[in-house]
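See structure below.
Letters A, B, C and D name the chains as they come in the text, with residue numbers starting at 1 for each one.
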């Protein structure tokens, strides 16, 4: 029940914030702040109470309520370690989003916070829903307020960006709806019970062709959201045009719903089809890593640059998801969290700068270290996190992902690793252009205020924590990941077995060689 | 004492953290205390541990601080492993580091970013210590990247100059290329062994692989890639000369004495893998040989004092690689230690000169400093002697001679490698004394402003003494036969087997090396001091000047990479700034808009036309009904 | 009866053509009345005398009179007739005419091609119409009532001369 | 009662309808258009009557009554609209009212 209350709390808080604007102009801010804070505390409470005592299944809490029984739609929510982590991330970033908008948003404050809280509610719903109909419902709930956030409070090309964002996600979401319905009917035909329940649908046996098409339906939504390279072009526009809070939520959370969907739905529902598709998916991931990095390097708009780094980083996610082993998946989960923090932080930084300079053009910046050393140090940490410096969370994520991906596909991993070099190039470009060199324009740049330190400092601490002692996070995610991988347990040896005849595998001699080596290793253990 | 192991890296980290958090608010004296003190205490702990280690002589000390993470059996710890090899490194890092910190208090005294400087320096020392004390490769990688970061921060310390930032970025990115190769090596090691624990890998590797096993060779090459990047060896050496943009103490500590030798450490640490991969070993030696020659030639032509030293560093690390490549592990590490002493000394002297001459680095504008900066002169001379391997008195002679000797005497030795080393030694002594003569002799060209005080003099003197006597702990067997150093390392690093009955030639080779070294000095004396005409005639010759320019630009590597990699990449990025893929979607929108215009035009606003439309529709429907 | 039908039909067609072709509105309306009367005759021949009466009363009477009233209100002049002439150029009407002829040909084809359905036989009494109207078509009648009501209200509302109520779209146009 | 062929009645209705339609298309004067619409409606009613007579059912005549009612309502509203249009545009030209142009 507590899961339901989490969502209801956010929805109600949103409505209240909207109404509250009539009473006092800053009432919505406080209401939103308290709503998100209480959600965060509630989730932390969940972690402390239930996270520590894992039951025999990976699920910590489940809620099943009939909703539209005629169609087999249930209001079913469930929480496992993965969801819990993402919820924590959601509310943490949500809190920062409220704080960051304190000054930035000055008109339609109530409606802004309404949208903000409803996006958060939609995201939490997506992370919790265990009924595909409900999942789709929340998927849409998260989309529309986001459209308003971009479209109303965005920068100069806000309408263009908002439409683009909406069309991309909506079109792909409809494909997912088709796939959901397809799955629903196939399952119904087989068993006679028509239901959208995730746990029931897991038992569907699918013909290979059907499985492939349904998987593509789901992939469409998730790959666009993630985003994977040919479908990424909504992201730079949406990210750069959204208000800071919107960018933080987009980059930190909305992208993660795509990754979450891959983990939660695509992997367990279509085990054989995904294995077939894996080399291509990994290839897409690698292309994303490299292509995003190249594009990021050339941008002069700070927010756009950061947006393209997201494309690059999300490439690691898909690379890891389709490696089908625990290292990679743990890496993916870490990447979701660490990227949420680091990219969120970079957007916040861009927001700080925008607030002071009213520009996002890096050619007009430079030499800010002198005037704003605190901001410089913060930026340095964020930038280093983004380029994957060991000791910060992203490194653990990327390293685990690559270790896992290496087991699945050598050459693609090599190229993905090259992405790290390119990441260095674009990340350092931020430092160089914004904080180093000479302050030619003589801009006066006040250093971070107390409120801003309050926002930035926890992110630095969390990044360091994730980088130096990620074990609690990994422990929390582990049962959930094992569960997602259940369908692959027989398939795991196939990872190192002689490769299927695909161009992306190394020559057969190589893989047999590796297999031999691996066999021998086990002897010595 | 062993439980204090964690303190050694933790102290500098703590210092860095304190300085980052409070640095700008603390008074300078306190910043100095924290910055220098943390490294000082660390050095003291090292000393204590070292004494205990020597007296107890255990195989190693090991301390798990905490378990970093554990994923499906991949469980690296934050754990420190101290054996003889690490001992040598941490000794050099903490002591040389401490001396350089002391020196910096004066060198950086008037810099507004005093606290930031010490924060970075402390961070560097901490990372470097983690690198050499890590018990697994992932933690080593942490230190590895950490020093890269500090190097970036310190090269770009004077960030207001665009060029400095560029050099810093260049350093970070180029070393990261090597790191990427190393990371792939780590993936492969993990796939084979299921762990990255160094000791486990070392013991198991020999069981898993035969000599020349394919995996071992690939991994060794990948690790070599990492080492090459960090140590400024061919083909990733181009960042190091530019790295001289940082403050001189930084150049001394990071880009001469410690960080750049991380590659040497890595190869020595993973020697088991390299021994299983003779091809990779050969590559190490060849890379070392080529690098030492190329860098030596480039050093001959530089005018910037620090750039000469930078190229000489590349060259000297080439010697270390040469040693490692033929399996002379302890010789390589020995040269590392000696090199750390004399190169730090040379850099610090250069720093003192630069400080005295108001940040003048061009040797053509120096001269005659012999009288004006006597302490610096003498210490510099000692360092130069060590670098040029002046026989008998200098430590550099003993370390370098050992390497050269083992090129022939060692099992994997090779006459070509030896000749390359010998030629390198010749070039080394030329450019070293070119430096000495240009700087300290001749007439004075720039006014001396700042006279070094105690904080500068003391480190210089200590390092000078070490550069002189450091060599005596390892003497060739026909000459004293002291083997303290190689004995110390023998439990960790296998001793090289020497071709029997070769010993009788040793004195000949030593003599040869001595003659080469001295003749190099003599030539430098001739050209740069005695016969300026000779130099002038060289300057007149077209070919000589062409070669000069070519060498001056570091054999054109910068230009090569620029045209081959950087420009195409930047071009690609610039061309594609607006994302080709996006244009596909833009095309879709255009298409929709075109249709919109089309249909919108059909709406004329005239009722007649609408009626006409209805009629046409009716006709169509009727026609269909009739004909179908 | 047959001859009456054909003659009345011919009159109706000719009168309607004249309606379409005349430039003067009043003339056109007069022809229109003729056309309606002729159609009323046709109704009579078809055995629907009540409908014929309605046709005369409502079409030829009420509707045409209504239009005449409006024309009077608009105060049309000779210029309007000239304008009407200028609007009716062959280039304007030739296309629609051809289209309509095609449509007519198709209609004829459809009517003729179908198996001959025979002739009109029985006359339907007005009483039967009334029975059906207030029997099964009750709902239709009520709907008609509502429609007329709406027509009245609409006509009243639209016909009011409140100058200042301008549709905002038109207003903006006028402003620009 | 008589032997009027049904085709003849339907053809008459068709011809009247098409004439009205042509007129709607070619006329620019709104009142003429309204008149033409009346002609078309009348033609449609005629067709109903013909069919109703043929089957000897009252339904055709009922439809005519409905059409009649509708025509009356339409004409009243239409004329009111014409008045408004004339007041705004000072013309009866339907082409002048082309604000819906895309």
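Keep in mind that, in the parts below, a contact is a pair of C-beta atoms (placed from the backbone, for glycine too) under 8 Å apart; a residue touches a chain by one contact, two chains touch by 3 or more.
On a predicted model such as this, the values are computed, not experimentally measured, just so you know.
Enquirer: Which chain has its C-alpha centre farthest away from the C-alpha centre of chain D?
Expert: Result for the farthest chain: B.
Enquirer: Comparing chain centres built from Cα atoms against the global Cα centre, which chain wins on proximity?
Expert: Located nearest the centre of all protein C-alpha atoms is chain A.
Enquirer: Does A-B or B-D have more contacting C-beta pairs?
Expert: More contacting C-beta pairs are found at A-B.
Enquirer: Cα centroid separation between chain A and chain C, in whole Å?
Expert: Distance between chain centres, rounded to whole Å: 67 Å.
Enquirer: If you average the Cα atoms of chain A and of chain B to get two centres, how far apart are those centres in Å?
Expert: So the centre of chain A lies 37 Å away from the centre of chain B.
Enquirer: Let me have the rounded angstrom distance from the C-alpha centre of chain B over to the C-alpha centre of chain D, please.
Expert: Chain centroid spacing, chain B to chain D, equals 95 Å.
Enquirer: What's the distance between the Cα centroids of chain A and chain D, rounded to whole Å?
Expert: Roughly 64 Å, centre to centre.
Enquirer: Return the residues of chain B touching two or more other chains; collapse runs of consecutive numbers into ranges.
Expert: 608, 612, 615
Enquirer: Would you mind listing the residues of chain C that make contact with two or more other chains?
Expert: 96, 99-100, 103, 107
Enquirer: On chain A, where are the residues touching two or more other chains?
Expert: Chain A, residues with two or more chain partners: not present.
Enquirer: Can you work out from the touch definition every pair of chains that touches here?
Expert: Pairwise, the chains that meet the contact rule are A-B, B-C, B-D, C-D.
Enquirer: Give every residue of chain D touching chain B within the complex, in rising order.
Expert: On the chain D side, the touching residues are 21, 24-28, 33, 94-95, 97-102.
Enquirer: Looking at the complex, which residues from chain C come into contact with chain D?
Expert: Interface residues on the chain C side: 1-2, 5-6, 9, 12-13, 16-17, 19-20, 25, 28-29, 32, 35-36, 39, 42-43, 45-48, 50-51, 54-55, 58-59, 62-63, 66-67, 70-71, 73-74, 80, 84, 87-88, 92-93, 96-97, 99-101, 103-104, 107-108, 111-112, 116-124, 128-129, 131-133, 137, 140, 144, 147-148, 150-152, 154-159, 161, 163, 166, 169-170, 173.
Enquirer: Which residues of chain B touch chain C in the complex?
Expert: Spelled out, the residues of chain B in touch with chain C are 608, 612, 615-616, 618-619, 622-623, 625-626.
Enquirer: Hey, which residues of chain B end up touching chain A in the complex?
Expert: Per the stated touch rule, the residues are 20, 24, 66-72, 74, 78, 116, 138, 141-142, 144-146, 149, 152-153, 156, 159-162, 165-166, 168-169, 172-173, 176-177, 179-180, 183-184, 186-188, 190-194, 204, 207-208, 214-215, 569-570, 572-574, 576-577, 579, 581-582, 585.
Enquirer: Under the definition above, what is the set of chain A residues touching chain B in their complex?
Expert: Within the complex, chain A touches chain B at residues 164, 229-230, 232-233, 236, 294-295, 297-299, 325-327, 330, 367, 369-370, 373, 377, 380, 384, 389-391, 395-396, 399-400, 402-403, 406-407, 413-414, 417-418, 420-421, 424-425, 428-429, 432, 435-438, 468-471, 474, 478, 513-514, 517-518, 520-521, 524-525.
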